[in-house]
Amino acid sequence: MTRKDGRENDQLRPVTIERGWSAHAEGSALITVGGTKVLCTASFTNGVPRWLTGKGKGWVTAEYAMLPRATNSRNDRESIKGKVGGRTHEISRLIGRALRAVVDTKALGENTIVIDCDVLQADGGTRTAAITGAYVALADAIAWGREKKFIAQRSEVLRDSVAAVSVGIIDGEPMLDLAYVEDVRAETDMNVVVTGRGLFVEVQGTAEGAPFDKAELDRLLDLAVNGCADLRGIQSAALEA
Amino acid sequence: MTRKDGRENDQLRPVTIERGWSAHAEGSALITVGGTKVLCTASFTNGVPRWLTGKGKGWVTAEYAMLPRATNSRNDRESIKGKVGGRTHEISRLIGRALRAVVDTKALGENTIVIDCDVLQADGGTRTAAITGAYVALADAIAWGREKKFIAQRSEVLRDSVAAVSVGIIDGEPMLDLAYVEDVRAETDMNVVVTGRGLFVEVQGTAEGAPFDKAELDRLLDLAVNGCADLRGIQSAALEA
Amino acid sequence: MTRKDGRENDQLRPVTIERGWSAHAEGSALITVGGTKVLCTASFTNGVPRWLTGKGKGWVTAEYAMLPRATNSRNDRESIKGKVGGRTHEISRLIGRALRAVVDTKALGENTIVIDCDVLQADGGTRTAAITGAYVALADAIAWGREKKFIAQRSEVLRDSVAAVSVGIIDGEPMLDLAYVEDVRAETDMNVVVTGRGLFVEVQGTAEGAPFDKAELDRLLDLAVNGCADLRGIQSAALEA
Amino acid sequence: MTRKDGRENDQLRPVTIERGWSAHAEGSALITVGGTKVLCTASFTNGVPRWLTGKGKGWVTAEYAMLPRATNSRNDRESIKGKVGGRTHEISRLIGRALRAVVDTKALGENTIVIDCDVLQADGGTRTAAITGAYVALADAIAWGREKKFIAQRSEVLRDSVAAVSVGIIDGEPMLDLAYVEDVRAETDMNVVVTGRGLFVEVQGTAEGAPFDKAELDRLLDLAVNGCADLRGIQSAALEA
Amino acid sequence: MTRKDGRENDQLRPVTIERGWSAHAEGSALITVGGTKVLCTASFTNGVPRWLTGKGKGWVTAEYAMLPRATNSRNDRESIKGKVGGRTHEISRLIGRALRAVVDTKALGENTIVIDCDVLQADGGTRTAAITGAYVALADAIAWGREKKFIAQRSEVLRDSVAAVSVGIIDGEPMLDLAYVEDVRAETDMNVVVTGRGLFVEVQGTAEGAPFDKAELDRLLDLAVNGCADLRGIQSAALEA
Amino acid sequence: MTRKDGRENDQLRPVTIERGWSAHAEGSALITVGGTKVLCTASFTNGVPRWLTGKGKGWVTAEYAMLPRATNSRNDRESIKGKVGGRTHEISRLIGRALRAVVDTKALGENTIVIDCDVLQADGGTRTAAITGAYVALADAIAWGREKKFIAQRSEVLRDSVAAVSVGIIDGEPMLDLAYVEDVRAETDMNVVVTGRGLFVEVQGTAEGAPFDKAELDRLLDLAVNGCADLRGIQSAALEA
């Protein structure tokens, strides 16, 4: 059995990372994973929120959103609804945690980096694409801060890299990097965030259809770890370009 | 090394489930897990939201909230802030997914059950206590619906039971059912939702301090599966009382 | 003619006050008046809101809310609606005024006490039960503040005690402490807040059906003053326990 | 002792009611009570809100608001704050209850009247002035509805008239119709709503400074009943003009 | 062809400006333009918003709103809807820009003037009436500030006067100062803000029906400039009264 | 004197229109005007809002927004602030009016087209770029509707094309298509919306610094009309590609 787009079960969709997309942001990346396109910008500001002042530590946070027609049918804007939905909140928090897991906030010093991940077009895996792209934007914003002397020259702010991918079980088959048409059919859906060294930062598995057992979980995690290693290579290539 | 409250690493805190706490709700349970107390009520209404009408399926959803002084220092009310926070959203969605995973919505018929989980007092593990208590309230609301003939007599609405527990790694040691003082020190924190048959419904692991490896993940999952089996026994006892 | 629950017209429902219900709050009480259950917590913080700083006076305020399924049918959460309703606002303000009427804010010093009154189950008279229970929580929070030296040892913060009860006219008969089924039938409905010395703090009488005359008003106030005297005894017993 | 503006303790400030102020509303009145000016408009619409449809009854409701510079210093607009304050809610509800107390909603038929009371200038007693003026606007809106045949010719929609006044105790002296400078000094403050026949619709007494006793309450109610009788005369004159 | 109210195409409706309408505001004017009545109050406060502190400049801003029944059918209050509509926002910004165009903020010094323009009754041209009336209120607030020594005696805060009027094309005819019945029929609608010296501050022309050409634009601007000159006279008369 | 980027005063910045950018929307265009990039998507739905049902007419509306880091420093998201700002409202309304001016809503039939204009990067002239790009997205969405038979084959929905440009006076010189650095220095700023036939749809001129006279206005309009003619050519080329 083959996948709709001809991929193998353990194969990523085509991934590109256009680094420095934004003329204004201190770091930015437009990541494309198949039909999913996410613009990630990192805004660096000297100083921290009031509740963190004077502790010698920096702050990294993230906000995720979708353009109204990023999806197949139009969604109302959250600005007009006057509130941020649960899904948006949840994903923003996930991205923030994933990035902070590889940041040494002491080394960052009293600086703040806000990462905006705006989905321009969605075709499954927007939150994991956001994390993978956000890491590149973050790395550049940190480089900018070091160049501007807001960060000490020798401090190692990034302890590791971080990338993420979705995996799922469809018709009993574990598959890597689900496109939207696959995602809606998945019995189990899992988002996995992995560091460059291959350690887990976040494992979020949900039984959409039937509950899953330990063996299925293990196979999904294997797929995810390998997929993230591939993404790590693409991130490195972008950052070295 | 022993835990602050004298428990073993694989031991739950004392758990009680006071079934039928509410005089008004179709199903209810006050669950106590150590110092955590959550009031779960299930409100049954005949009919479904408009977007589901005519599909012959029911709907189960959940809302989680905390009283302002459930915690050690007072939090402002979300009603007064005028918006529901990201954490509240995230937990409400988790509880709803966990319950729906064991509900056959066709068997439920065009009926809606709303589960409210209000934390009266918090000492860690409020979301998992909420799921465990909510299952009892849900089971009673379904029984009520059957008695009132809103649900067909022979239909099996519940495919399985469901319970949840938190696990975490503290000073390198995997531990079951973290109290608040443990939770804030955990390097890795995981909430696991398990069915009565021992299958996973949700696995949410987060590296708070250092990323974790596969071996640690496996040990945590083992603890959680065993803890949920114990909770399953307490749920059964409450429902048979 | 007797009342549905067999009470005399001038008789309170069974009242219990469980003092110190909360493990976290500086003062707390779970008050039960028939089927009405209100959890009152008093949160003490050293310091006052900015607009009161430097005036040598403290601040006491209250917030009232109902759990969504405290009532016979479920009400949507105000947090999700994104705004606090008129009734909630009105009752919160009433409770705050009632408590401040017996507090010497100079003696309290620059400290703030926030009283949260959360209705866990409702069967009429929730606002008056909240006031009666809140007084007990307030007294304990003040004692806590004195013990922690935030309040001067000799200062008498409480000038008097305060309790409240509802009264109403049903089928022409004045009655004390209306249960919900009585409340909806009442032609006139009055909430009366009385100090331990028997003076009025608040009198709120409303003609729900027919306007009322002075003689009816007088009979209702008599009932209320006596009912509050009984409540005063129950408060004292709880505080001396 | 005389009052700042030379009035006797039992004397109203100068009151004028400009009936039909608005070119658009079905009923309207600009009421002036000393320095307090409230524009009351009554908007008549055929039909009722959905929850009342088909019950053969009408609906009367009210909304109260203040222009931002109606008071001595400017208040931020509630529209810009994005929420209606507790005081506004409370007064809107009071006005609505007061008017409904004299309306036979069956006789009104399935029609809705919304009364808007907008304070153009405030000098104490704005809520009671609003009720007194709103009655005139309401009477005209009902007359309009009858003329347009939305209300049956012979049905008596108004069972009585209604007016309101504030009373209070200042330096131990009961006084009628408090101006702002008096209101802020009052130990006890009471708003009383009285029908044309002299019956009470609403009695709201609050101890601002010291609690009050029954004798004080009685003296205040006497003042209020007499004041409302005077207002009744002014309403009649306006409606007959 | 004559207009419905008998006016010539280049004729204003009757305009009156009641200066000093408010007892509280530092400057105020009730402007009437035909059936349109707008209460303009200017609130002067010493000091500026935080973002302007220490720059030696003052701040002038405006807020526009309509009473719910200012119009022919009732509109819901923006305070209750919980948000300010686009039209309200747009007009508030227009008024603020128009006034700031004639204010020397350096000469004003670190003082803030907030102009509130509340439409009590609407019959077309409310935004232009608001600007014309607001100028009078502004001038008086500046005079107040000078008298109170918040503004230096010799500084010329107002560089010019400002007034506004609407013009439009109806059935191919350019007309001045459109009443509501004219406004809804206009093919092109233009609001023009002109200084006392006859220079443009704002030109906002919109094709409601058919696009317009340069010749039509020119004729409309001529009408507007002449209309504003007349309004300038009425402003002067009010300020000299 | 030359402009910072070497352009002549009557010269547009480089403009590109990438038609069909979105895989999901019925019409879309990514327009680039110098450093300004706006993604315009047109969402076609069969049917109209309730208030328009049964009138045989369609509806075209627009929403404008900026990504948080589209600008030089980051702006908070309106979704998180919980309200849409005045500027956003104003521009959304302008775009909607501009497009409706060339649409025959009868010919469109009971269909709705929502245009979303999201600024991905801002360098002045975002609202005019949005209009120019939105026209291309609109044209494609109409073509889609005709192909899907939602629009009658022979009906001419578009009466004309529409484009927009900003003009302004800088140091006394009228200039076309202001970049951000020019915009902030402009004494007068004007946005002009012009049809393909050269007629005005909207003229919005604002004196930012000094008021302007008729001669200046005329020179600005000339520049704008010529600039829009150039934009018309670029739109045509995109639509014919």
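Worth a mention:
All chains are identified by letter, namely A, B, C, D, E and F, in their written order; residue positions are counted from 1 within each chain.
Assume a contact is a pair of C-beta atoms (placed from the backbone, for glycine too) under 8 Å apart; a residue touches a chain by one contact, two chains touch by 3 or more.
Quick caveat, the model's predicted, so the values are computed rather than measured.
Common neighbours of subunit B and subunit E, by the contact definition above: there are none.
Any chain that touches subunit A and also touches subunit C is listed here: B. Seen as a C-alpha superposition, subunit D sits on subunit F after a turn of 120°, to the nearest 5. Look at the CA centroids: the one farthest from the centroid of subunit C belongs to F. If you average the Cα atoms of subunit A and of subunit E, the two centres end up 50 Å apart.
Chain geometry summary: the mean Cα position of subunit C and that of subunit F are 59 Å apart.
Centroid to centroid, with C-alpha atoms defining each point, subunit A and subunit F lie 33 Å apart. Here the spacing of subunit C and subunit D, counted between their Cα centres, is 28 Å.
The set of subunit E residues touching two or more other chains comprises 82-84. Circular chain order, beginning with subunit E and continuing to subunit F, reads E, F, A, B, C, D (contacts as defined at the top). Considering their complex, residues 22-25, 28, 35, 39, 41, 43, 45, 63, 65, 67-74, 77-84, 88, 114, 116, 118, 120-121, 123 of subunit D touch subunit E. Contact residues of subunit B toward subunit A in the complex are 83-87, 89-90, 92-93, 97, 101, 160, 190, 195, 197, 199-207, 210-214, 217, 221.
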